[in-house]
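Look at the two complexes coming up: subunit A is in both, with subunit B in one and subunit C in the other.
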Partner chain A sequence: MANKKISKKDIAKLLNQWSREFAVFVPSKESGIATMARWDGKDVTLDWYRNTVIPKANFLPAMEEMFRFQKDKESYNIELPPDGGKQLIFGIRPCDARALAIIDANFKNLYQDPYYLSRRDSAVLIGVGCINPSESCFCTSLGISPTESKDVDLMLTDIGDQFLIEEVTDKGKKLIAKASGLGEATKEDETRAKEMKETSYNKVTRKINTEGIVERLIACFDDQDFWEKIAAKCISCGICTLLCPTCYCFDINDELTKQQGTRFRSLDSCAFPVYTKMPMENPRAEKWKRVRQKVCHKYGFFPMSFNAIACTGCGRCIRLCPVNWDITQVLNNLPVKTEVGK
Partner chain B sequence: MTTTNISPSKFLAQDNVYLPHIVVIEKIIEETPNIRTLHFNFKDKKLQKEFSFESGQFGEYSVFGIGEAPFCISSSPTRRDHLEFAVQRVGRVTNALHRLGVGAEIGFRGPYGNSFPLDYLGGKNLVFVGGGIGLAPLRSLIWNVIDNKDKYKNIDIIYGARTPADLCFKYDLDSWSKNKTVNMVTTVDRGDESWTGKTGVVPKILEEVAPSAKNAAAIVCGPPIMIRFTFPVLTKLGFTPEQMLTTLEKRMKCGIGKCGRCNIGNIFVCRDGPVFSYAQIKSFVSSEY
Partner chain C sequence: MEQKLRNEARALLEQGKIDWIIGFEVGSLKFTTTPLITKDKSDTERLVINPFIANNLANFLTQIKGRVGIVAKGCESRSIVSLIQDNKVVRENVVILGVPCTGVIDLSKVEKLVGKDRDELDDIVRERDKVIIKVNGKKKELSTTQALFDHCLACELPTPREYDILLGEPTPPIANPAAQESIKKLKQVAPEQRWASWEKELSRCIRCYACRNVCPACFCQRCFVEETEPQWVLPAPRWQDNLIFQIIRNIHVAGRCTDCGECERACPVNIPLRSLTRGMYDIVGELFQFKAGLDKDALPLMTHYEEKEAEDFFR
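Showing the complex of A and B:
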């Protein structure tokens, strides 16, 4: 069956149809910060953004209520927050969609995380290919294409005044079946999409070498000099982890007002000394150990657990770092362990 | 290592792994000026009956409005009329736990983590090496072993604390020293006028006692500094890294391998531990523990 297409000016009409069933989110700069914001019914323009927006927050919010508790005649009543409903994320980039697929493993392993997984299960992801990757992007080194994705339900490719629509999952097929105002893609549209995909792919010029990365990292795990050098300019601000689409670490805390309270969880970062601090000791009080943990967890320990590198090459940690710390430089300059006697 | 053979806790509240059960504090024993043991039971009588755990497993305990913290279950699964955990007053949650009285209600999630490998320990001489509140997880196993004495060989217990006033579980120490199948050695770093036992840090006393490594396993728990100095002594005595077991403590918030902070190397202490053989953790002990 031929792919569909939609005129860019009709996107709002399409979203309007879906908004009856879903809470629709689109990339927005309204608040001054690029976010996935609740769609306000206006036209959606996508040309302004690469992947500044981080859709992770739709599934793992920076802060969320886990439950409320109330003391009532010497006993506690525990109440879960209401279900947030089904989300439709329009305009997710292939790198960010892959990131969700990567961290799913953590939230599914051994125990099901009810908050994250219920949002994931009910959500629809509509990808829009990235035709203008940034200089800091290196997704292709992680096996990701800026314009193609198997981690979304529908995949859109910019072909000028229109988007070509590919159905990726059954969920996506159903959405298309219910939608009106779509055209049939012609051969010329398909050719144009193919050209756009190739051009976009080749625009990603930054590379990392992932071959044997786990072994190479483990080999230099104890090389304190190397890690101290790498960590020297880091200011432990945590931005590279908080805005990383595959960073999922969180903290759990209570808030109390009179006889009522809330337990909430919030994003946390291995860049902060307090992250591992126990009252009597801290295994990672030194900065170089924390930087090592960040690098080794993403490219070593996470792959050892889940067979996937916890990085999508989205480049945010490079673009947003206040001191120009560059993960690709670190990974491309790992010390090579020379064998004795060689 | 990470493809865990741990089965998830069966005792979830409302099918949500983060929701605590309500438990009631039934008894409090002040062990030392800053350590207390709390005896508790589930408010839900059905759960109280059905609940099971293994020595070495831990729980996440909440003081509502203050927060949650992990502690091992310090009582033995062979003695199930109530559960126990021991708490040193060091931080926010532990301070709150020290303010509670009998009858107070707290939250409990668990049991989490793996447990001491009873099959492996069976038929062996067991050497327990503990320091301070580190005896808490060991005593669950010690009572477990004593209650199934025919499955194990000789028991050595080397336990120490900074001063006589810092010794925990004195009622257990008394009971074990009267037990003919147990060789109980108690030591303190600094004695006082009335102290008649041994004086010296635990690794040093362990070297003096010199238990044989033949058909034996050593189970070590205490402050990190004690653990770090104990492994070399055990090695000197002929114990292999596989024969040395310990239980680690980290800042475990979720208790179920998700929140990330107890990750050392490719291990998540809460998910893959807290019980490890020295063989499993020795490459990270130098710099991360």
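Showing the complex of A and C:
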């Protein structure tokens, strides 16, 4: 079956059809920063390479109400938050879509987190490939192409004035079956899309070597000098974790008044000195241990548990870091233990 | 200036006058630098001074034990002086390598004016009072007013007053009134609208605390924002709590803030934090005729009182 295509100027019409069934989210800078925002009916701009605030926020918000409680004599009444409805995320990049698949390992497969799943299972992801990856992008080193369709329901590839549409999942196929205003992709369109994909792939120049990464990290885990040196300039802020598409650590807090309260869940960061201080202590009081944890969790412990690296090479942690702490430099300069030194 | 810095830094390490050198080296992305913190004298070859040395390195002084050589622009030298005033840094343990600073380029401003992401620019060159942007083989000229950080345009002390070695000829302040435009505009807005505007801005806050963690004046071991007994603010990014966090942070750094602009630069979600910090800086100036970080022998503003205090309850 031939792929479909859509003229860029008709995107708004398409979203309009879908907005009857879904809460449609699109990349937007309306709020003052690039983020996924509720579609306002206007044309959609897709000219920047990725949002600052990750689409992860649509599934694991920076802060969410878990429930409200009210004291009723000897017991409590619990009130759950209303269901947010079905989301359609338009314009998600392949790296950010892969990130959701990575988060699934914990929130869907190992545990079944009702808050996450209520949003994740009903959502539709419509990917748009990157034709201009950023200097900080290194997705190809993590087995992701900037235009790949693996983790979305529909994948759009820029072929000039139009997008080629790949129908990836049944969910995606159903959406397309109901949509109007689409054209049939020609052989030339397919060729053009293939060229665009290849060009984009080759534009990703930042590389890391992931071969044997788990073993290499274990080998240098106790090299305090190395970790202290690379951690020296880190300021222990939460940018690289809170804005990471795969980081999911959270904290839980109650807000109490006399007879009632609200329980909140919000993202937490292993970079913070107060991380896990609520139950006891932070076992990583020193900064170098926290930096080591961040690197080792993504590239060592997570792969050991879930057989996947918890990084998609989106590069936000590099681009947004106030001190230009660069994980690719760290990974490319891991100390190698030589036999002679033994 | 760069070569002189490398020579001086190497000599200081070789002679054992310092244990550490803190400076800038070329960053891993275009138009960036990154802090270089090292004991190794061969690393001094990587030290740079260029129009992208944005960080306030004084922030690292309170973390490092031993004698430290530190590269300091005017703003950093003021932060160092302020830390000395607060007994956080011992003057004798620091060798200040002063850099007369002609201003740092604000990449966000450049992106807006050129209409392109920094990744798409071929080069950015500073030439006296101009900044030349090279993109797609074409040159675009920006004035320093257009391209430098607002806090650089407003800088009152580009050449450090407190230093051990001055690496170049002193440079005068730019003293450009454009630097205060955004704050002036904000002040003219009706309170209700200003409130609405801050609600919008602070709703984006993700509580990464980068604004606090890059700030040399935020040197507390324990921050009120993370206290749980009592819990002053919810540690989740609700906008009202974000507002309280920023207000209290501002009051805590009053008289210590040198208007280095790092909080706003570090913010990943573009909250115009300098409107608050500079606002406070000006209030401190008006009320107390005090400017942070100018005199290491002066008593710190908020931790001492005089008999002729304005408020009766102090006596």
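Operating definition for what follows: the second predicted complex is superposed on the first by the 325 of 342 C-alpha atoms of A that agree within 3 Å, B and C clash if a C-alpha of one lies under 4 Å from a C-alpha of the other, contacts with A are read in each partner's own complex, and residues count from 1 in each chain.
By definition in this document, a contact is a pair of C-beta atoms (placed from the backbone, for glycine too) under 8 Å apart; a residue touches a chain by one contact, two chains touch by 3 or more.
Predicted model, so just to flag it, every value in this text is computed and none were measured.
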Would you mind checking whether subunit B and subunit C clash or fit side by side on subunit A after the superposition?
fit
Figure out whether A:Ala179 sits in contact with subunit B (first) or subunit C (second), or with both, or with neither.
neither
Output check: A:Pro114 vs subunit B and subunit C. Expected answer is one of first, second, both, neither. What do you get?
first
Quick note, subunit A centre (C-alpha) to subunit B and to subunit C: the enclosed angle in degrees to the nearest 10 is 90
Go through the superposed model and pick first if A:Trp325 touches only subunit B, second if only subunit C, both, or neither.
second
Check whether A:Ala105 is in contact with subunit B, with subunit C, with both or with neither, and answer first, second, both or neither.
neither
Applying the document's definition of touch, where does A:Asn253 land relative to subunit B and subunit C: first, second, both, or neither?
both
Please indicate which partner A:Met66 is in contact with in the superposed arrangement: first for subunit B, second for subunit C, both, or neither.
first
Looking at the overlay, does A:Tyr76 come into contact with subunit B only (first), subunit C only (second), both, or neither?
first
So, A:Leu46: does it touch subunit B (first), subunit C (second), both, or neither?
neither
After superposition on the shared chain, which partner residues are touched by A:Ser134: those of subunit B (first), subunit C (second), both, or neither?
second
Looking at the superposed set of three chains, what is the minimum CA distance between subunit B and subunit C in Å?
6
Which residues of subunit A are in contact with subunit B in one complex and with subunit C in the other?
251, 253, 255, 278
Quick one: which bits of subunit B touch subunit A in the complex? Just the residue numbers, please.
2, 4, 6, 8, 13-20, 22, 43, 62, 64-68, 90-91, 94, 105, 107, 223-224, 249-251, 253-254, 256-261, 263-266, 271, 283, 286-289
The answer for subunit A against subunit C in the complex is residues 31-33, 48-49, 52-53, 62-63, 132, 134-136, 232-233, 235-239, 242-243, 251, 253, 255, 264, 266-267, 269, 272, 274, 278, 287, 318-320, 322-326, 328-329
Which residues of subunit A touch subunit B in their complex?
66-67, 69, 71, 74-76, 78, 80, 106-107, 109-115, 221-222, 224, 248-256, 261, 263, 265, 268, 270, 275-281, 283-284, 289, 293, 297, 300-301, 304-305
Of all residues in subunit C, those that touch subunit A in their complex
27-30, 32-38, 55, 59-60, 63, 117, 119-120, 200-201, 203-204, 206-210, 212-214, 226, 228, 231, 234-238, 262, 265-266, 268-271
